[in-house]
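In the two assemblies presented below, subunit A is common to both, partnered first by subunit B and then by subunit C.
And then the complex of A and B:
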């Protein structure tokens, strides 16, 4: 109960900060919609559903990366992360709250982006939407963890994509598979397994990321 | 409260603290002095639990919940108000009667009137006062203060003096400073880092 209250307080703070600064969600929205518009004109007419599905997953991944890159900026600017790390709450609560806040921003961007994608390309199936939901969980869990690692380094803007993109390859494989396969069940299962595995790993090891 | 033996800290190849022996009894007021780069901040971060030593031993007789750490940076969010910042920390530290305690501290440090203003609009001195409110919010047993008079004007410094007078003997204080004379009336022991 206390853990949930700590996570709630931290996530509420992140949403409040975004409400005030408005520097993450608008950027994500603009990026993902602009990507679809550009590819709408760039892809040859009657391009296959396979190509469009690939495009969707690339756009989601890079949109998420935009949000993840901003996730720990408020903590970095004033070294507030030290204050949070010192608090007696379980340190994994910081990771969980930040993941939830990033998930909220990504989901909000996708609420606009997915209908735009459906409009410009080949529509959206239920399996694709389920894949996106599962992928979002994995992206936010892993990306937030790596964001916390990268934020304390000088090369943070370079380091986060370098660390995140290789780890996101299974998400792309699962996501594209769920979008185009005849029986998407095993791909959705694969995404769910990825989520559980990496969420547990990140939750258990976050403490070591934020201690000097 | 704090016991260190041959305490040292390295960041990669760079050694920032070496061979520090320190005993701070419960209720003591220990003043740490030293030139820039002598390792004062690192020592304080080690004692606050923000860093782990790479050499020697360190034992701190206070849990994380019982430590209040004032850093060079105020450790508050610039886009939140003073009230929102303290409310966040109050929740994380599970401070009983949180709102009353926050109100009392904001009054004491002269920030009540600006409690709904975002910290980004504060002067450096006001931000330092807010940082002091944050440190004292949960009534810590061990106060670790890194150059607490930084950016405070005369009125702010007097407020801090009054606060330290109140804390003296009741709580353990480890404080770094470039102005040991200012803290001489409170100090029960001094440590000079080379």
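And then the complex of A and C:
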């Protein structure tokens, strides 16, 4: 089998699991909408639209974290990861497939979340949507990688946010910049740079996370 | 288990003596020889500590990442512990950067914390990142898997440093005094000499502390193996 076929098969497995069990996506949707309602009451009256734009990024980050925390749970509970590592395919395919599946969940959650945000707070520009797309790539690439790390530790779910949030700070900078700045080009470029750098790093080093 | 020690060219007592001499010399230069800053007066002398500690912290993180790469690449059995100790030293010096930077900010600008101070914010991000490194490391049982996870995470650090720096730079206004410009250091004479000595002193001190901690950790590992054997 080729690399692409391996990735496709693994990603399809995750999507199929989600389609049957419906573990993650409904939780992400409910969480992000509930977060918006909390933000509405957290923002004092007459606070600027800029504040709401910033909070959108907090909501996206935490929603993604919710999905990422679940990403490797089936592998851990059924000890599937051992089988995947033994399978005659490149180990980075496991990371890529899981990232794509997580990306699909996150994108699906945002398809609902962004219109809800526009309804509750204010309309979103094209630059914000482009920023969200670019940020999703980085969030899923890095988050899936760290999720695979966290799942083998004793602390498990506790560890993922600690590992992920310092690495997500540049994403927030780029995303908020793209949402609020007059000329979002440099922020979008920065997000793209982040995506490329960390995707290459994750792709090259995933092997060491799952093997000894 | 293979050998748990490495032969070093410079013995530890010589290193300790060298760091004592250099640190004393640096302190003497900083407090008695270097001229007062025309603008900030006496308080500007914290610059010699702050900047050299920051550079030393970067050097420690870079050393930790290099040893992590050596571990993943050449499967050197000693590199994992060396990488960990270097990152540990880096975190200690990084905390000192936050403390000295905060003091300097209070004296120069009247606030203990300034979000517009790029270096300080960057070190806060790095502090959070490397603190998580320790959470990760102590959450996995000792063995090849822990070594791999630590090494990979340490490598993420060297990518995160420039990316975060860029992020903070494009996000914030820039009021940090620039002493190093593209045209070389923006000062001369005794100030430059004092800075160089302080920098050398802290680098040697950091390396000495690294070696001390490393030898202690290696004795620990050897004792564990003996008690298991």
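Criterion: the second predicted complex is superposed on the first by the 211 of 212 C-alpha atoms of A that agree within 3 Å, B and C clash if a C-alpha of one lies under 4 Å from a C-alpha of the other, contacts with A are read in each partner's own complex, and residues count from 1 in each chain.
Keep this in mind: a residue touches a chain if its C-beta (ideal position, glycine included) is under 8 Å from a C-beta of that chain, and two chains touch if they have at least 3 such contacts.
In this text the structure is predicted, and so the values were computed from the model without any measurement.
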item: Touching partner for A:154 - first (subunit B), second (subunit C), both, neither; value: second
item: Which of subunit B and subunit C A:82 touches, first, second, both or neither; value: first
item: Contacts of A:44 with subunit B and subunit C, given as first, second, both or neither; value: neither
item: Contacts of A:182 with subunit B and subunit C, given as first, second, both or neither; value: neither
item: Partner chain(s) touched by A:211 [first = subunit B, second = subunit C, both, neither]; value: both
item: Which superposed partner A:126 touches (first subunit B, second subunit C, both, neither); value: neither
item: Contacts of A:16 with subunit B and subunit C, given as first, second, both or neither; value: first
item: Subunit B and subunit C contact sites that coincide on subunit A, given as residue numbers; value: 211-212
item: Complex contact set, residues of subunit B against subunit A; value: 45, 48-52, 63-65, 67, 69, 71, 73-80, 84, 88-89, 91-94, 118, 134
item: Parts of subunit C lying in touch with subunit A, wherever the complex brings them together; value: 72, 125-126, 128-129, 131-132, 135-136, 139-140, 143-145, 148-149, 151-153, 155-156, 159-160, 163-164, 166-168, 170-171
item: Subunit A to subunit B touching residues, read off their complex; value: 2, 5-6, 9-10, 13, 16-17, 20-21, 74, 77-80, 82-89, 211-212
item: Residues of subunit A defined as touching subunit C within the complex; value: 149-150, 152-155, 159, 162-163, 165-167, 169-170, 173-174, 177, 186-187, 190, 193-194, 197-198, 201, 205, 208-209, 211-212
